[in-house]
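What follows is a set of structures to go through.
Shared between the two complexes below is chain A, which pairs with chain B and chain C, respectively.
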Partner chain A sequence: MRVREQFRHAWGLWLLPLVPFVLVIALYAKGSVDRHLENPKDKMMPNLVQLTEGLDYILQVRDKNGYRWEGWNDFHVWQIHRVREFPEGFRILLLEDSWASLKRLFAGLALSSVTAVVVGVHMGAFPVIEVLMFRFISFFSFLPPLALLPLVFIYLGTQEEAKVAIVFLGTVFDLTQNIYLRVLEVPERYVFQSYAQGASTLEVVYKICLRLKLPPILDTIRLAMRPAWVYLIAAELIAAEAGLGYRISLVQRSLRVDVILWYILFIAVLGFLFDVLIRWFIKRAFPWSKYN
Partner chain B sequence: MGMTPVLELKKVQRGFCGRPVVAQVNLSVGPGEFVSLVGPSGCGKSTLLSIIGGFTDYRDYEGEVLVEGRLSRYPNWEKGIVFQKNVLYPWLSVLDNIAYGLVLRELSLMEQIARPFYYRKRLGEFREKAKEYLGRMCMSESDGAKMIYEISGGMQQRVDIASAMMLKPKILLMDEPFSGLDPQTRAVLQALLRRVQRDDGNTILFVTHDLQEAVFLSTRVVVLSQHHDQGPGARVVLDLPIEFHGMADPREHPEFQPTVEKIRRAGFSVDDKRTLAAVEASRVGHPPHA
Partner chain C sequence: MTRVFRLACVLFLIVGLAPSWGAGKPSFTVGVSIWTGWMPFYLMEAKGLLAKRAEAEGITVKLQKFKDYLASVQAFASGSLDACTMTIMDALQPAAGGIQSRAVVVNDFSAGGDGVLAKKGLTMKDIKGKEVLLEQGSVSHYLLIKALEANGLTEGQVVIKNIGGDDAGKAFLTGQCDFAVTWNPHLYTAVEGGKGEILFTSKSIPGEIIDLLIWNGKKLDRDPRPARAVVLAWYDAMEMIVNPRTREEAIKIMSSEAGTTPDDFKKMLGGTDIFTDPKRAVDFMKSDQIKKTVESVKLFLNKHDKLDDMSAEVKFDPSFVPGQGAVSK
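Our next item is the complex of A and B:
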């Protein structure tokens, strides 16, 4: 429900979304300046120069043995010889970390989405499955997955499986409940009419109900990416060998707030990008969804 | 010896919380009949329709529903249905929506998934058939190519009716299919429905609270009411065959005068221009803007 639509086409409206961003940045700048006036070497609220150092850190290139490559300093040599020599098998820290994190995130999310769709759709469609699963799902959805972290690390070790399991456990119960509710939302008349058109029960469930609720189900999965990030970063803070959360916990020991800030920003950007991507996909693939 | 009725209700009764809503309803609908079930709102019309359609669990009501003499407890293609709010598949075009009923009825889920070429071939046949009904409901080929959300509410209802009629159910149940539409569209759709029903000889049970509509469309009007002296629950209080189809204004016909009086006494209004408009539309042979 929207009231007062008349400002929709006002001039300069595109500036409006920037206002809160600018406000937050201004507040931060104020704090940073105050602290630097007190102590010019302050590291808690880094200023722009310190932030470029952080940028330098996160974009550092490492060779295949994990040693930092300082070949950027030989820029004048590149200019003379017209060649750029990156080390063999080189990696950029930020990309390496995000690739490691994204793999875990999507593995966990894919597992939980498939499980949730299978369980949730059948719960919504068949009362027997509903009775069988509903209490179980709603009971375990109250289990905080972060409390399971130690158990998961004990049972699954500190390898990738543990992180994927945490993402899975953190999202699967809510996803199942949401998908179950979406399927319950299918209007009765759709079920009745498709039966009256001669459909079998399987056709009603998979070809009508599931098809009709596919866009909201994808939307639910899109929203589940937020908790997935939360649990992934939390798991990585505790035990990992690479990953965005791991790097944050690592540089935290040397008080590199400049690096932490860049990583936090990058996590937000990644999340936002995937959100936009999925929304765009839903809009493109299901043009009918907003009319139904 | 009469013909087997297409639909027969035997002492159908349903109550909520111990209070009967529909009490001992006996009704029999012969082949080709267009029966309107009329009654004030809340009198149990929709409850009765839900029982007939098989959407109510058979353990929740008493009595029997017979289709062509056979007990019919579950929803199936023999009992087609059109609801007030249309039930269309928004991911399909208009033509495919009409054809989709046949897909659901003729092909199993496994055939649809595992035999893509066979599915394609059959879908082609179904589309040809759907095109015929598209024309009969006064829609063009270009309308058929549109998506469901691109057409108006009246058009959507036409598609819904076409897809129900194409399956040729033994009896077509219609639950106030025109009550969400504006009077003009409504008159057009009424005329269309009447024409197609006459041509195909469909048997229709039409639920409405609008007596004008019932009188214009049907060959028989059945009034269901809670107000009678046989205890609680709705019963059939009036069962009138109507023989003056196609009159300019049926209300003027001398034969209908006693009925008008009866209807007036039952508490309905019979003064409505809509009946006239609908008759006009049907007399021209095609609706004004189709």
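Our next item is the complex of A and C:
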């Protein structure tokens, strides 16, 4: 094999990516088997039976008080038409928690993205604003949002605002800096040529700089989803009634690792899905961009 | 290259052999976390009481201090600790996970140290339909249900919002909520600061919120020496606390370990009924009341979807508690 040699083996392209996954699963299985040999009731590394119980716990249809619906035992996924039999105001933990978390995640991320684009683009375009904001942003980007948790919680209370604020604070400074750098990358000659051809300042900022850099900006936002998740999960530890992070911390108390593992997997799947979605969108929406 | 390789080999040898150097005495680990009723553990380590008792058994016992209580329970449930301090509620969880929970010391029960806080002027009747901040599945949750029952209400009539028990207290103190269930120091801080009133405390359910030292049953059967050492050291610490000549020093040490002042710590002690008298502890461990409490806690946990295995047990083993009357009152 030579440096940068193309790899195009037909099976290899499919099988090789699976290897690390299989390896991790095998390691886990080994650990789980060992622990169950030592203690058959072990809950810390659940086996397959326990994992199905965990799945059942998060998917079962519950009445509005959280108790299992009587019909759940003889209900099968394909009998979706039986939805009408579900108790009034029924709940499914996984759906309820994902919905609660996603709302917070996107509210926080939307706020920080909009702020970051507004501030970042203008910083990149106008040196006055750069002077005004640069020190501030780069100073506060070092502020660890998790350390702010107790403060946010005192100032904003235990409602949704506090959780959204944590996601916002966790992402906005880095996003702004990134977007500002992207806009700085707009070649000088584009700016001069636009002006030479009679473009107004507004047009140069929004039609040239912003538009040209929209694909990498979206990509920065895509990458900001990772820290956003981290802060969201942490924020849900403060006063919540639903949410993925909330459920994890709640079932921790009863050592339901079977439930925790599914939630962790689900968070990874959600994150991965949104990642793919945004990448696909960038490709579709900006076919002209060299960035792809 | 060869030199690097040789160096690596030597390093490997050292790393590989290092653990066997300390292998002279068998070593055991007990997890503890900060709570008024558990501060005597910190005391017995600080005063060398534990080291002395362990020495007599020919072993070493390490106290592993957890900042996060739940983490200590999880470490115990995963089997990596020999013993751990926990409340009676959390002692059932490792048992459901196949780790036998055996209580060798009953440390204390909450007698006013946990309570339902409300903004001034509100009564238990006003709680209906309101938001209550507390840590779900914890002693606070249990206490709230008892408080509601005592006032002819049910859990469905309030909105429970989950938050760490300490945070519930802080949220109340900063005026974030009308009702919270929490523990000291938040209770007396709220009352002293005129921020709220205590509507119901653990004093009304004496002997139900119990703190225990739980030993891993399997490990206890294999080697009872560390349990003997720890239990004896615990009563040495009790002796220090009841003896008027050493009491002030004991309180000073415990309060500094807990990160508070001796005066505040005394207030905390007021809400905690520590079993300083071994005879009383033994009687309590053998009593029907404690069995009833375990059943009541089990039903509570089961109802809240936190315990499926109703065969989980906490066994009480007073056999390590020293002869009656060894500690004078």
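Basically, the second predicted complex is superposed on the first by the 266 of 292 C-alpha atoms of A that agree within 3 Å, B and C clash if a C-alpha of one lies under 4 Å from a C-alpha of the other, contacts with A are read in each partner's own complex, and residues count from 1 in each chain.
What we mean here is this: a contact is a pair of C-beta atoms (placed from the backbone, for glycine too) under 8 Å apart; a residue touches a chain by one contact, two chains touch by 3 or more.
Keep in mind it's a predicted model, so treat the numbers as computed, not measured.
After superposition on chain A, the partners chain B and chain C are seen to fit next to each other with no clash. Once the two complexes are overlaid on the shared chain, A:40 sits against chain C while remaining clear of chain B. In the superposition on chain A, A:281 contacts neither chain B nor chain C. In the superposition on chain A, A:238 makes contact with chain C only, not with chain B. By the touch criterion defined above, A:206 lies against chain B but remains apart from chain C after alignment on the C-alpha atoms of chain A. By the document's definition of touching, of the two partners only chain B reaches A:196; chain C does not. Contacts of A:157 after superposition on the shared chain: chain C is touched, whereas chain B is not. Vertex at the C-alpha centre of chain A, arms toward the centres of chain B and chain C: the angle is 150 degrees, rounded to a multiple of 10. Superposition on chain A places chain B within reach of chain C only down to 46 Å, the least C-alpha distance between them. Comparing which residues of chain A touch chain B with which touch chain C, the overlap is empty. For chain C in complex with chain A, the touching residues are 70, 74, 77-79, 90, 93-94, 96-99, 133, 136-138, 156, 159-164, 167, 170-171, 174, 176-177, 301, 305-307, 309. Residues 53-55, 74-77, 79-81, 83, 85, 87, 89-91, 100-101, 104-106, 108-109, 112, 147-149, 163-164, 167, 169 of chain B are the ones touching chain A in the complex.
Chain A contributes residues 187-190, 192-200, 202-203, 206-208, 211-212, 286-289, 291-292 to its touches with chain B in the complex. Residues 38-44, 65-66, 150, 153-154, 157-158, 237-241, 246, 249-250, 252-255 of chain A are the ones that touch chain C when the two sit in their complex.
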